[in-house]
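Note that chain A is present in both complexes that follow, paired respectively with chain B and with chain C.
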Partner chain A sequence: MTPNTHSSLSDSLAALAPGDRRLIRSLFIAALAALALGLLLGLWVALARAGWARPDLPETGYRLLTLHGVAVFFDWLTLAQAGLLLVLAAQERKAPLSLAWMGWAGLVVMLVAFVLHLLGTVWGNPLLYDGSPELVAEASQGALLFYSGYGALALGLVLLALPGLATLVKARKAGSGSWSALGFGAFAWAGLLLVSAIALANTFLPAILWAAGWGGMPADHATLWHLLFHNMHYLPLLGTMLAWYLLLPELTGARSIFGSGFSKLVFCLYLVFVPPTSLYHMFLEPGLDPMVLVLGSLLSLFIGVPTIAAFLVVMTSLEAHGRARGARGGLGWLKALDWSQTATHSLAAAVINLALGGVLAFVLIQEKLAGLLSDTFFVPGYFHFMTLGVVTLSLLTVAERIAPALGGRGGSVAWARYLPWLITLGLFLFGVAGVVAGSQGMPRRVLDASYEGLAPTSWVLLSWIIGIGALLMALGLGLMVARIGAAYLGFGPKALAAEQPQAALEELALKQGAWGASLAVALLLTLITAATWGAFALMRSLPVIAIGGAGH
Partner chain B sequence: MSQDVLLLGLISAVWAVLALAYALVPMLNMPGSALIWGSGAGLFLGLALWVRRG
Partner chain C sequence: MTQALDSGRSLPTRRGFVAAASLGILGLYGVWAALGASGKSGKDVSEGHAGHGEEPEIASSSGGHGGHGASAGGPSTDDFRRLTEDFSKRWKQQDGSVRPGYVPEPVHSEPDPHAGHDMHAQPVQPEAGHAGHDPHAGHDMQAMQALAPNIHAGHEAAPVDTAGSGNEVYLMAYQWGFEPSWLKLEAGKTYRFRMMAVDASHGASIQIGSGSLITRLRQGVLTERDITFTAKGSHLLYCTVFCGAFHDRMTARIDVV
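Entry: the complex of A and B
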């Protein structure tokens, strides 16, 4: 929804140097490979929990879980976001990238990071993705490799962010002296990428020094990890909103009816709310001042404000444009969207998953519930809605959309439209069963949820449902990744010339009443209230023992 | 000063205030917070200045 989308995304990518296009293509190929690996490992873990697969040794299962987390949460998301940043920079600049060599260096460093993580996990003790030093024991060489993987990741993030930043600064200078909303959002987002690199170094440098024998055991690793993770929560959420802003004019021709200045303010809100909302991570620390609990609870309510604001801008603009083009009735503007495109289905599924994940997120950050739920399966039950159902689906949509412009294929196939809904169905089973299991106290990081027959019967049943959900998710996502990956490698049907979206009717759109998004947010707030009330009621009725810990 | 620079400056200012709060208010003491948000404040100030210079 930028004001300068007169040329399509394909035209912007065509204006890049051939090497720039190869760089973006390579980033997405590497990202898709990481996602495919992480997906297989995650499926194996879910099947093990359901009792349908048995890794040879418990350590093997935890190694799979560790690599699943690292491959998906760090490698896939970082590489795909780096690709998105360069696409956004290209869209703003409409000319070759600056410092592209640094992007190549960043890609190489990211691959090194992955190899280090792989070696460290296989050779040392499986530390899970937070790399707790308490689990290292005597295996310090493996831990050194694993921690160094995060060190390399920090360097890779810096190297990948700088070309985006430099290109955007040049775009601003070459243009009218100010960015489009999308350009500003991309620049601020790249700044947060750099802060995340600092947070990575801050968390893992003490661990690297300790594992190398040059320093003491890090005393605050868990807290530093929480800070890093807080950044890593916001980073892909802002990236997702930027992806939606990028895609919607491409798909629908609609532009923001709120103006560029307002959209910039919304993107700025993400950054403004990052530090204050981090306070709720302290809920897991013992002996907190009651004032901190109150303050943290109040501030945590702001965590969804920027995303809700961005959602309102996107959806209200979409509805207003739909009505300006003649859509009638409550949902006529939705029906009028181009449902022949896979991207429309993917983004619609992402919106639904955002609502489900958002409701559960607000339950999880309640001060009274955080300690009870943080080490239970409630957490993966909720965050897969966000990481897979929202962020991954949105990033994959961008990857699919730009594949032909990067020299790949990308022809439309009808069955691909069902994949986002198959993934969402799997997520729903996985998430709902996970949340129910978590509410009953089922731990998240165990491979045998039956506890050799000692666990409640419901845990076994819920683990089966989680396994079925994981199978459906893996099937849908695996097919989607295979299709997009094949397109990047030059296989599959050729893309036809993209149909130009209808021209924006901005003046007419401004005169339309568009309440759909506002009503959806009102419904969301009602659901959040109901879910929180329900969670408290459930907790009071169960003999759950708080196991606390430093989950997230 | 353009809106772009002003908003980047606003981010820097908010992060700096929060970094100070995390550093100076004992009950908010969360190891690493002041360093991360303080570094971020410096970074966004640097970015704002870079954009202003163009």
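Entry: the complex of A and C
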């Protein structure tokens, strides 16, 4: 493929029907609204934990946390991923979407899901987003609404995934009977979205029936939830990789120099490894077979393989192109990127957050360390690097890039470039303090971890740092959402027509000693080893010996 | 087409290189093995203790109890509630703490109703609810053997009641608290913690030094851990599984004396 034959993203969006563009625009507007609400709720929880804004009633605090989880993890991610899927489908098809009406129906159902969740949370006992039936007690009407919210979400997910799938299938037929790497990845990803919808229904239909008085209490809710959560957690990671593949040529002119077959293989590996790795969420469950633990840890390592491969493909291609265009020195190719674009800053921050989150993730999957770290603040401390720092930043970058092509504004403003770094700084404080507090045992999901002075004093101090981090995250993310949201609503400076940079010659790129990404991976592996060793050392230093943990 | 051959490419731009480098993450398994974390976990750990019990470590796996999967053997929540109440009553001290295996001479001078009991098993429960314990006998023996050096360690310090081993700790988690809410345990002595969440799922985590020992308790599931505190100190016991509005008030105290 020669570099200049492919049409840019805005050309693909221009080939859509006007209604298609309105659909994608509406999806992102709804998504941004959910994110805006969710980030405020998350901030409030962090401030409550720091002791600076604790609600009068503990129920109120847990309701905020419930809605934070629902609004960002389910609503924002689902809507934004639906938008991305349609963009990917448009890029592959370069013609109007199929079954667009379903997308509209999906959007409406998602709004209904949100209202149900909201009402259920306010009326019922606060269940947090996993909605354990054990905590429902007498408040089963609220729970029915809450669970129905998930039922609607499952339906919404199906409705939102199908137009993308249908469009991709058509694109394959219309093309030479095969997909580009991106089209293939998008199809696989959309398939996984459907699987998630099934997992959602599987988890919450029994709960809906039970809350309505038509069935027994679902006994295995916790296990089903783990399966669902795991899928919902990794799906966006694959979506993020696709977003990077999509944006890379847009921003730099560079395309993968490894060929589309290799990228397809990498995407396939995700499909193979994501489902079985869900075991590690259960390491702390009583009564697990020891072989399951070993296997679970081992399998979880495998999810790292396609992630690292995708990282290497993207970054090495980038570096090789940069060098082929004449960049010199170790970091010359980085300097040569177009740093006048907000997107370059966002994606660079996302790469850094992926490294930070990845190092911590690989500590957590060691089954021996689960008894030290699971259920502590280590977990939100690490996963916000992923959910916010990697996934949310990348999805927002897609949203920002396409706003003008969808009829919105989206001219660049200089200050927007600092926002990803502000978010990253906040995440760093939030994450590092959270991970340190977690390794000392500070639990997640409590509003007051001081335990009336019984807890180590460091927990209080670390909660303050977490609170400051949350403030910076919320400020950066809030401004970013506000700016992009304004562009979607038609405010802000007009965008200039985006120019796509010229690609370097592929033959030249392939000859470059593009070692940067490989060195980064080597460094990461070293850091992971050090962090794992550190966690083991900590565990061994505790003045206690414990064996077992089995349930009967 | 660019896919032709990797020849003529620089090393980092070859597919084989990327594949190999990505598989490098699997090397982490070697790191785990080197750190002593791989393999048949639980067993290794208990054997390790038999050899060098002075090395403090936590094993959080359920390895040693792997055979216990079936839920048939454990007591019901009502049984467990009763067992815990008996346990608390049995070992209640004057200051309100519960200290298994410890009977200050002057207080407990009246004839003991449990005097006829076996010395080393079934401490406090007269009910037959525990018949289901038998299937675990093999395991218990193994654990006891492994921990043998420690079992009697604490006994010299305090007079030991003949009834009930005083080696078991019953801990009940409920909305919102723990029973007993104040335990006194001896350093260096191994206790079998028998724990259950009776109304909803809870956690029973112990803050110790610069870390915590985290345990998840599923509702109605008996969870056992053999725990040895190797140093004196006062520790916070807290719930780590969200269990409702007063989740963060769910605390207890363990004093290691």
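Everything that follows uses one rule, which is that the second predicted complex is superposed on the first by the 534 of 552 C-alpha atoms of A that agree within 3 Å, B and C clash if a C-alpha of one lies under 4 Å from a C-alpha of the other, contacts with A are read in each partner's own complex, and residues count from 1 in each chain.
The criterion applied here is as follows: a residue touches a chain if its C-beta (ideal position, glycine included) is under 8 Å from a C-beta of that chain, and two chains touch if they have at least 3 such contacts.
Predicted model only: the values in this text are computed from it and were never measured.
S.K.: Looking at chain A, does chain C or chain B touch more of its residues?
M.R.: C
S.K.: Let me test your reading of the model: by the given contact rule, A:Ile198 touches which partner, first (chain B), second (chain C), both or neither?
M.R.: Touch partner of A:Ile198: chain B, not chain C.
S.K.: Just chain B (first), just chain C (second), both, or neither: which does A:Leu447 touch?
M.R.: It touches chain C, and chain B stays clear.
S.K.: Now for A:Thr316: first (chain B), second (chain C), both, or neither, which partner does it touch?
M.R.: Only chain C; A:Thr316 stays clear of chain B.
S.K.: Looking at A:Gly261 after the superposition, I want to know if it touches chain B, chain C, both of them or none. Which is it: first, second, both, neither?
M.R.: Once the two structures are laid over each other on A, A:Gly261 reaches both partners.
S.K.: Scan A:Asp289 for contacts with chain B and chain C and give back first, second, both or neither.
M.R.: In the superposition, A:Asp289 touches chain B and chain C alike.
S.K.: Looking at the overlay, does A:Arg172 come into contact with chain B only (first), chain C only (second), both, or neither?
M.R.: first
S.K.: Mind working out whether A:Val272 is in touch with chain B, chain C, both or neither, as first, second, both or neither?
M.R.: The first partner, chain B, only.
S.K.: Using the superposition on chain A described above, determine whether A:Thr397 touches chain B (first), chain C (second), both, or neither.
M.R.: Touch partners of A:Thr397: none, neither chain B nor chain C.
S.K.: Which residues form the common part of the chain A surface touched by chain B and by chain C?
M.R.: 261, 289, 291
S.K.: Within the complex, which stretch of chain A touches chain B?
M.R.: The contact residues of chain A facing chain B are 165, 169, 172-173, 177-179, 184, 187-188, 191, 194-195, 198-199, 202-203, 219-220, 223-224, 227, 231, 261, 264-265, 268, 271-272, 274-276, 278-279, 281-282, 289, 291-292.
S.K.: Provide the residue numbers of chain B that touch chain A in the complex, in ascending order.
M.R.: For this pair, the touching residues of chain B are 2-4, 7-8, 10-11, 14-15, 18-19, 22, 27-28, 30-33, 35-37, 39-40, 43-44, 47, 50-51, 54.
S.K.: Please name which positions on chain A make contact with chain C in the complex.
M.R.: So the residues of chain A in touch with chain C come to 57-59, 62, 125-126, 128, 132, 134-135, 222, 257-259, 261-262, 283-291, 293-294, 297-298, 301-302, 304-306, 308-309, 312-313, 316, 320, 362, 366-376, 439-441, 443, 445-449, 451-452, 454-456, 506, 509-515, 517-518, 521-522, 525, 528-529, 532-533, 536, 538-552.
S.K.: Give every residue of chain C touching chain A within the complex, in rising order.
M.R.: 1-3, 8-13, 15, 17-19, 21-29, 31-32, 35-43, 45-46, 49, 53, 55-66, 68-74, 132, 136, 143, 146-147, 190, 199-201, 203, 205-219, 221-231, 233, 236, 238-248, 251, 253
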